[in-house]
Amino acid sequence: MTRRFSGVWPAVPALILLFFVFLFPVVRMLGFSVEAGTLDWYAKALGEGLYLRVFWNTFEIALLVTAICLLLGYPLGFLIATTTPAWATLGFIFVLLPLWTSVLVRTYAWMVLLGRNGVLNRGLIEAGLISDPLPLLHNFNGVLIGMVHVLLPYMVLPVYGAVRRLDPALVAAAEGLGASDWRIFWRIYLPLTLPGIFAGAVIVFVLSLGFYITPALLGGGKVMMVAVMIEQEVRQTLNWPFAAALSAVLLAVTLGVYSVAQSFTRQEAQR
Amino acid sequence: MASRSADLEIEGLVKRFGEVVALDGVSLDIASGELLTILGPSGSGKTTLLKVVAGFETPDAGTVRVDGTDITLLPPARREIGMVFQNYALFPHLTVERNVAFPLEMRNVGRAEIERRVAEALGLVELQGYGKRLPRQLSGGQQQRVALARAIVFNPRLLLLDEPFGALDRKLRETMQLEVRRLQRRLGLTTIFITHDQEEALVLSDRIAVMNKGKIQQVASTTEIYERPANDFVADFVGESNIFHGTVTEVGSVTLESGRRLLIAHGAPVGTRVGVLMRPERFGQGVNSFNGEVKEAVYLGSSLKLRVACDDGVELIVRQPVRGPLPAAGSRVSVAIERESIHVF
Amino acid sequence: MSRRALVVACAAIYVFLMLPLLVVFPISLSSAPYMQFPPPGFSTQWYERYLDDPQWIDATVRSLYIGAATAVLALVLGVPLAFSLARGRYIGRTLLDRIALAPLVVPTIILSVGLYGLFAKLKLIGEWYGLVLAHTVLALPFVVLVIVAGLRDFDRALEQAAEGLGASRMSTLLRITLPLLRPSLVSAGLLAFISSFDELVVALFLAGPNMTLPKKMFDNILMEIDPTIAAVSVMQILLVSIVLVLIGRFGRGLSGSAR
């Protein structure tokens, strides 16, 4: 055993699995896109308005979901991080329970809640607030609600971590100097937890890009995202080369966003 | 317990971590049954030295021999060395009994024998009846004793203690120091004790090795280290001191850099550059007298500590028995020291 | 003032988070044949229908053993991997780290399509162990994250102490390191199990005619919405709750590993 490779061998079995069941099949599949020796399938994916629209749509949804998760996740993470341990445990349970509940269960439940005759519309009509049911399901709204619900915990946990890492002495010092709650928040909490917020936002955004289940079920065929399109190309159209090209673009965008974000975080850490 | 106590020879140890030289040619002999303290500030290399002896680090050069056998490259498990770690390193998931039994189990000792020797070891550290508890259910001092029992239960050839009392409060620390001393004498176990606390070193050891910057500065008996330090570092690190430098201008007399002359009882030839050390408690009557102004006076209970700015430019720390009221800052005093009380190095 | 506003806002967000989980309980006990809210009456018929339907039971059992096998395999491969990543000193360790966590970032649809193509060629579609292999890839990052976090907090002096007391590398691992890592191992194993038990996208492509529970649910949601699925959902939620309780009791805090 040379010193250069000390401790590498326990990783080998897992690496073999990752190679044969992850790297190899993915690369092999992506290879189909240039099988013909041309970039025609990429030209189609990125050139034709229909497909470009799907990419744009996916991007838009991902951005919107990230923004909403940020808006909802920050206060939640902040509250859990600053409350008493007993409340924090409870707060955690109610974030983790949805997180680990099957996405299918949750998607189904949203269908029950948001449908034309769903719980929400019934309730609102009976309360006399609306006369016609709101269009909440099988459209953009439904997808958005469903995705935010799935991804919100991924935002809450990094925010919680960032607030917890903050030195309480700083806050105490600011309070001692007479700063108001809002000022403390804007001048201390927010800037110092920015890396945590950023990490959470990147995770949510990247995961949004590849979403399949929620748009497939809650979009009602009207909201097309890249993952749904790839699935249809493979299973319905059987157009493997094109599915591969779409996958390659999706992968490139995902990894691109991720590595740019990573390098930002690293710079932040070095400062 | 039968003793297998061995002697230890350390020769020319060098260990680098990147740019940092942790051990810079360390050699040290320890006799069988001796308790040697390695005293040094943090970063002096003392912990690295211990890790090399225990086998957790491999030196870049040099050898470690136990009873004449080279063990430099032997894995720690086969060195038969008992060690007490800074934070005890008790296994939190095992009871006190199982902790102490661990080294015996690793040596495939029979059940009955294990039981007997664990009981004996726990008896030695006065923890009978605590066997079924988990480490976290014990106080810091008790955990310390368990660690000690575990380190000696398998009759090691050598016992290493790495700042074992750092986490204990002063009173408990003093009790534990005496206990370790008693146990070590009783077992006749060759022991290396690491500390940065010079008082602890003076209380515990037969000999002290003072370390700094990866080098042994001086190895000597406790009195020798205190009374006749080999250099500035040792003089300064062990005890309170007044250290000055000067040149021997005639035999028996030194002229300090400030111009002040001191009479000494040392036969260094004229022209030698020397350091002089005056321990604060050695002032009293004597041929060398200093007149000056009290800068600061601190009441320490058993004695009085004065900082005196002398008229000839030197500043002295002086300890005096308490007589009458505390001298006010700014008041004039006169102190003196015998030439025999001045150590020249 | 602002603290109270924060609490109120968070209460509303919690309602949003928990509402979908709660709403399936009354529906699963409804007497109505179609989804209706509030339920007109009480009945356990949907639970009975689930239990009496061999297809549902079959899918559930398959998902359970695929999940269990995934958890075992993910631990067997992931724990040594985590040790190597946390403690190894070698060239390319950072790269390895990225690769180990990549299944978390790479969209599952891409992995699914890739495996679909490969497994179709190897005639592995519909084989349970094919799914186990794929689910293990997806579960590895969880195992690695949890175990690496556990190892980071691990006091290595304990291992040195054991070795100094005469234990071999192997006995140190078996008697000191792994027992002390048990909470992390429990968490990692349960997370791996749940991630497989809930996994749909890969199963959609690889399960073939052999339904897993998520796939059966997916098909049911697409075809016909009857409250059987609510009953299944309730049981899923209860299972997850039990697992979370187990993690809380015997595992290492999830919040700890999330940081």
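As written, the chain order gives the labels A, B and C, with residue 1 at the start of each chain.
Everything below uses one rule, namely that a contact is a pair of C-beta atoms (placed from the backbone, for glycine too) under 8 Å apart; a residue touches a chain by one contact, two chains touch by 3 or more.
Since the model is a prediction, treat every value here as computed from it, not as a measurement.
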{"item": "Central chain (by mean CA position)", "value": "C"}
{"item": "A-C against B-C, pair bridged by the larger set of C-beta contacts", "value": "A-C"}
{"item": "Farthest chain relative to chain A (centres taken as mean CA coordinates)", "value": "B"}
{"item": "For chain A paired with chain B, centre-to-centre distance based on mean C-alpha positions, whole Å", "value": "58"}
{"item": "Whole-Å gap between the CA centroids of chain A and chain C", "value": "17"}
{"item": "Interchain centroid distance [CA atoms averaged], chain B/chain C, Å", "value": "55"}
{"item": "Interface residues, chain C side, partner chain A - complex", "value": "1-3, 6-7, 9-10, 13-14, 16-21, 23-24, 27, 35-37, 76-78, 80-81, 83-85, 87-91, 93, 96, 99-100, 102-103, 105-111, 113-118, 133-134, 136-137, 140, 194, 197-198, 200-201, 204-205, 214, 217-218, 221-222, 225, 229-230, 232-233, 236-237, 240-241, 243-244, 254-255, 258-259"}
{"item": "Of chain C, residues touching chain B in the complex", "value": "155, 157-158, 160-168, 171, 175-176, 179-180"}
{"item": "Interface residues, chain A side, partner chain C - complex", "value": "3-11, 13-15, 17-18, 21-30, 32, 72, 75-76, 78-79, 92-98, 100-113, 115, 117-119, 122, 149, 152-153, 157-158, 160-161, 164-165, 181-182, 185, 206, 209-210, 212-213, 217, 227, 230-231, 234-235, 240, 243-244, 247, 250-251, 254-255, 258"}
{"item": "Chain B - residues contacting chain C, complex", "value": "54-56, 75-83, 85-87, 89, 91-93, 102-103, 106-107, 150-151, 154"}
